[in-house]
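Two complexes are shown next, each including chain A; its partner changes from chain B in the first to chain C in the second.
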Partner chain A sequence: MTLVAVQDLSVDYGRLKPVRAVRDVSLTIAENEFVGLVGESGCGKSTLGFAIARLERPPARIVSGRVVIDDLDWTNTDAKTLRPHRWQDVSVVLQSGMNALNPVMTIGSQFRDVMVQHASVSPDEVLQRSYEVLDMVNVSRQVIGRYPHELSGGMKQRVVIAMSMLLRPRLIIMDEPTTALDMVVQRQILENLKRIREQQSFSLLFISHDLGLVLELVDRVVVMYAGQVVEVQDAESLLDSPIHPYTRALLRSLPDAQRDGGTFEGIPGTPPDLREELRGCAFAPRCPLVQAKCQTTSPPLVAVGTAQVRCLVTSQEVPRGSDHTVR
Partner chain B sequence: MRYFARRFTFLIGTLWVAITLNFLIPRLMPGNPASVMMAKFMGRGQPINPAALHAIEVMLGISHASLMSQYWQYLGQVVRFNFGLSYTQFPYSVRYVIGQALPWTLGLVGLSTILSFIIGTGLGILAAWRRNKMTDTIVTSLSAFTNAFPYFWFALVAVYFLSFIHNWFPLTGAYAIGTSPTFSIGFILDVIHHGFLPALTIVISSMGGWLLGMRNNMINTLGEDYVLLATAKGLKNRWVAGMYVARNAILPNITGFAMALGFVVAGSLLTEVVFAYPGIGYALYNAVINEDYPLMQGIFLIIVLCVIVANFAADLLYVLVDPRVRRGRA
Partner chain C sequence: MDQTILSVEGITKTFASNRRSRDPVIAVNNVSFSLLRGRVLGLVGESGSGKTTIGRILTGVESPTHGSLKWATTGEESGQRGKRREGRAQDRRVQMVFQDPYAALNPFNSIKYSLTRPIINYMKMNSSAAKTKAEELLETVRLTPPAMFLDKRPHELSGGQRQRVVIARALAAAPKVVVADEPVSMLDVSIRAEMLRLLRDLLAQGQMESMLYITHDLLSARILADQVMVLYQGNMVEMGQTDSILGQPMHPYTRLLLDSIPNPRRRGRPLESVAFPQLQSEERLTTGCAFAPRCPFVMDICRTQRPEARARDEGRLVACHAVE
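Moving on to the complex of A and B:
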């Protein structure tokens, strides 16, 4: 069952000489599916995440496309009608959990307000559910009476994740939820999320620049480059056989102790200026496999087995060895 | 509690420094009020009669004792709010003169400061919430305009048109000449009638500052992640605007407000002079004109006292509104 369907979504920043941060993006998220959205900074992944939740802030604006969540078109619904669906259907976890909590309200009252404004619940039920979600993320129940500044960064981020669970949403969008945290806390949160998945069913859009982290958690990966989706593939097969040259480069940029003693490479060059109309493939200037046609023809997103790829060269390759489509 | 104790010690310390400076500064100046007075009486160039000078010194309570013993005496007097006698309103004590003037100032300037804070902050919240819409454009540009008025000019124009030309409001005073303060409906209405114009000018000229400040704070706070998250949580608009945005944006304004309350006594000079309102500012103005040193000193001390106490109150208020200040608790 498809829960979220994004169709040809484009998001601009500004009106005069706008920056097109998201370009005709289409993607779907099934119920209970964990989807990872990866790409380097500035590729439009956060903009896309915010636009899906209709949280884009001026100067960002959706110029075309649709976002349908649970049969409701979120792009075509006014704020008033949308309000009851927020948090109930889609909740979000922001990158900087540190600033995501209101400094003058206790954690408990920030849990309470969202619950009482969405349903008629008794104070007992509010407390019960608050304890439940705090238990899920392994945070002491005592934080209910604490203010955000009394918690550590890792605790705050876990509290924010707990908050996103409160109304048992269908979809949670997490925008770099572990980026500001150290490796140990990152690991704990990842384990937390895996365990919560066993207790509660929900879909997840996990936005991160860290492909390694994403591969550990999600079922399917969406790779973005210069505002476009360049590859969509199941996490397991992506690790073995990435198709797009950019995805391959991303994988090579991960330190892998098991394979060859911890060597990794960067990707030379910089992404294109998004104010300009793209001519040909956006990745062509940095691509090791670039051909003449890449400079002039914009590659479409085409199916390769169960994956989708936006590349004129690698999508024509003969599948190698143990094919991912077989699995 | 520890926070309170620390703040309180600080308050006492500041008070002591202020009182001591208030004692020292006039005494470090050359000459004394008695010789000034004598010089005024005798005219220039004539010799001063030492007996007369001594008589005036005794009358005014000017002492030639050591600075230290004068200081102890002074401290004792200040604690009992005894500031000596006023020269110009002799034989009334400074305490009496201040006591007569203070309620009028506190009433007029205090109320209009509170009103202008409430109205200004409220409109600032509204303007920021509807930013770049019609309400915002009108309210913000209008308040930038009124904020730029020189206060005395605005007050004079108001007096000229509304009191002098149209006679809608009385020209001077806090109540009609010939009546004396009583607690009757008629008298209270009379006071309101007299106070309306000065209050209006204060509110209009100071409201813009609160409005612009609040609007700026609001717009900064609107960019915070917790506000974005509040929207994502699907909370009601009013709740987001109130508890998430305004509640945080108002914090710097509260400090400003407490400071403004402290300056209520001092800052009213122009209003009270223009409207000949019988408050502290007017009394200070007269004291300066007439070289009434004890009265000046008394008023200065009251002003300093108000500022320090208001500061203290702001600190305490801050504890209530900003949990991050509550240290020493957890």
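Moving on to the complex of A and C:
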């Protein structure tokens, strides 16, 4: 059952010579599905995440396309009508989410604010649910009475994740939720999310530049490059058979604890200027498999087996598994 | 035999207490190591482990409460409080590459200005010689052609390019030791390896004599560091050759760090190899092992007696009662 459907969404920054940060992106998120959105900085992944939640602010604006969440068209609904759906249906956790906490309110009263705004609940119910979500993220119940400055960065971020769960939203969008944190804290949050999933059903859009992290957590991966989706594939199969040259390069750039010698590689070159119209494939200047046609023809997103790929070269490769049937 | 450039002998750094805790905070507790010619030492730990404080002591920004830094070639000690005149010499010999290339460069200054300042300051060159030197430095960090970058301001460069400028600026004073404090954590994954290799190459070319690489990421240490020291709350818990530490971590904290690294092959399954502390302990023990409150192998002795660093095979040092 599809929960989120994004159709041909484009987002610009500015009007005179706009930067087209998101270019005709279509993607779906099923109920209870964890989807990872990966790419380099500037690829449009955060812009897309914000636009899906309709949190884009000028100079960003949606120029075309639709976002449908649970049969409601979020792109054609005014902010006031959307408000009751926030937290309740869709909640958002940001990279600097820990700085989103109000410094002069206790954690408990911030939790209460969220809950009473959206549901008629008794103080007991508020407290009960607050304890539940804090337990989910393994943070001591005592933080209810604490102020944000009394908590470490990792605890604050887990409190924000707990807060996003308060009203049992159908979709949570997390934008680099662990990037500002230590490895061990990141690991704790990752483990929290895996365990929460066993207790409560929700869909997750997990935005990160770290493909390794995303692959460990999610069911399906969406890879973005220069504002476009270049590959969509199940996490399991993507790890063994990435198709787009950019995805392959990203995988090679991952350090691997099991691999000796530390031969992880970079990706030379830089992404194109998004103020310009893309001619041909956006990745062509950095691509090791580039051919003449890549310079002139814009590759469409095509189905390769169960995956989708935007590449003229690799989409024509002979599929490796026997179960690959072109749709 | 490896030649020592700078030895750090039993440095401790305490910071005065704040309102809540009466005891002073011990940021670094009796840490010793040597920086060797042509080698990189990796300092690994979480925030609060004291790794950045050690880096700051090396640069002379902080002075240690106890212990000293000793330059092997001259035998002179530095970094001690009250020897401010030596401070300048220390500044030149130890240069820093900062974590955030967006914050480390003054947005109003051109790249030329940022680079020629230390050259004029420390190398006593005139401005035209300094400009030539700045161009050389840009070529050294592979920002070519240099003329294209000299008149730019930081906002016109990408994060990776800016970090190269920061590295070039560190080299401008012809330092003996470069302290690289999380130099790639703000950069994209796709250019991290490249940047670490650049630092490696610069060391191999003799642009500096030795390097201290500060990171929270054990795996990145493999690319750059020959040796690794793992710190927990200011204490050295394990030290050894990078490959041997990554291949066979002995201290429970090192194992926790390694297990924390995202591993796509472990998809969906919760982590079990290291017993996972349910609540992250904020407790700081004043006696015994600092890691005891979080340690899955904790014993009674760990809470009362601080484990000594003991030598194991292959020059490994481990401070843990549970490791035999």
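By our rule, the second predicted complex is superposed on the first by the 317 of 327 C-alpha atoms of A that agree within 3 Å, B and C clash if a C-alpha of one lies under 4 Å from a C-alpha of the other, contacts with A are read in each partner's own complex, and residues count from 1 in each chain.
One rule holds in what follows: a contact is a pair of C-beta atoms (placed from the backbone, for glycine too) under 8 Å apart; a residue touches a chain by one contact, two chains touch by 3 or more.
What you see is a predicted model; the values in this text were computed from it and never measured.
Legend: residue contacts after superposition of the two complexes on their common chain; A:186 is shown touching chain C, with no touch to chain B.
Comparing chain B with chain C, the partner in contact with more residues of chain A is C. By the touch criterion defined above, A:138 reaches chain C but does not reach chain B. Of the two partner chains placed by the overlay, neither chain B nor chain C lies in contact with A:70. By the touch criterion defined above, A:114 reaches chain B but does not reach chain C. In the superposition on chain A, contact is made by A:87 with chain B only, not with chain C. When the two complexes are overlaid on their common chain A, residue A:234 makes contact with neither chain B nor chain C.
When the shared chain is aligned, chain B comes close enough to touch A:149, but chain C does not. Those residues of chain C whose C-beta lies close enough to touch chain A in the complex are 46-47, 158-159, 188-194, 216-220, 222-223, 246, 256-271, 276, 278-280, 282. If you check the complex, the residues on chain B that touch chain A are 224-226, 228-236, 239, 243-244, 247-248, 321-324, 330. Partner chain C is touched in their complex by these residues of chain A: 40-41, 138-140, 152-155, 182-188, 190-191, 194-195, 209-213, 215-217, 235-236, 239, 249-250, 253-258, 262, 264-268, 270.
Residues 53, 55, 57, 82-88, 90-92, 94, 96, 99-106, 113-114, 117-118, 146-147, 149-150, 160 of chain A are the ones touching chain B in the complex.
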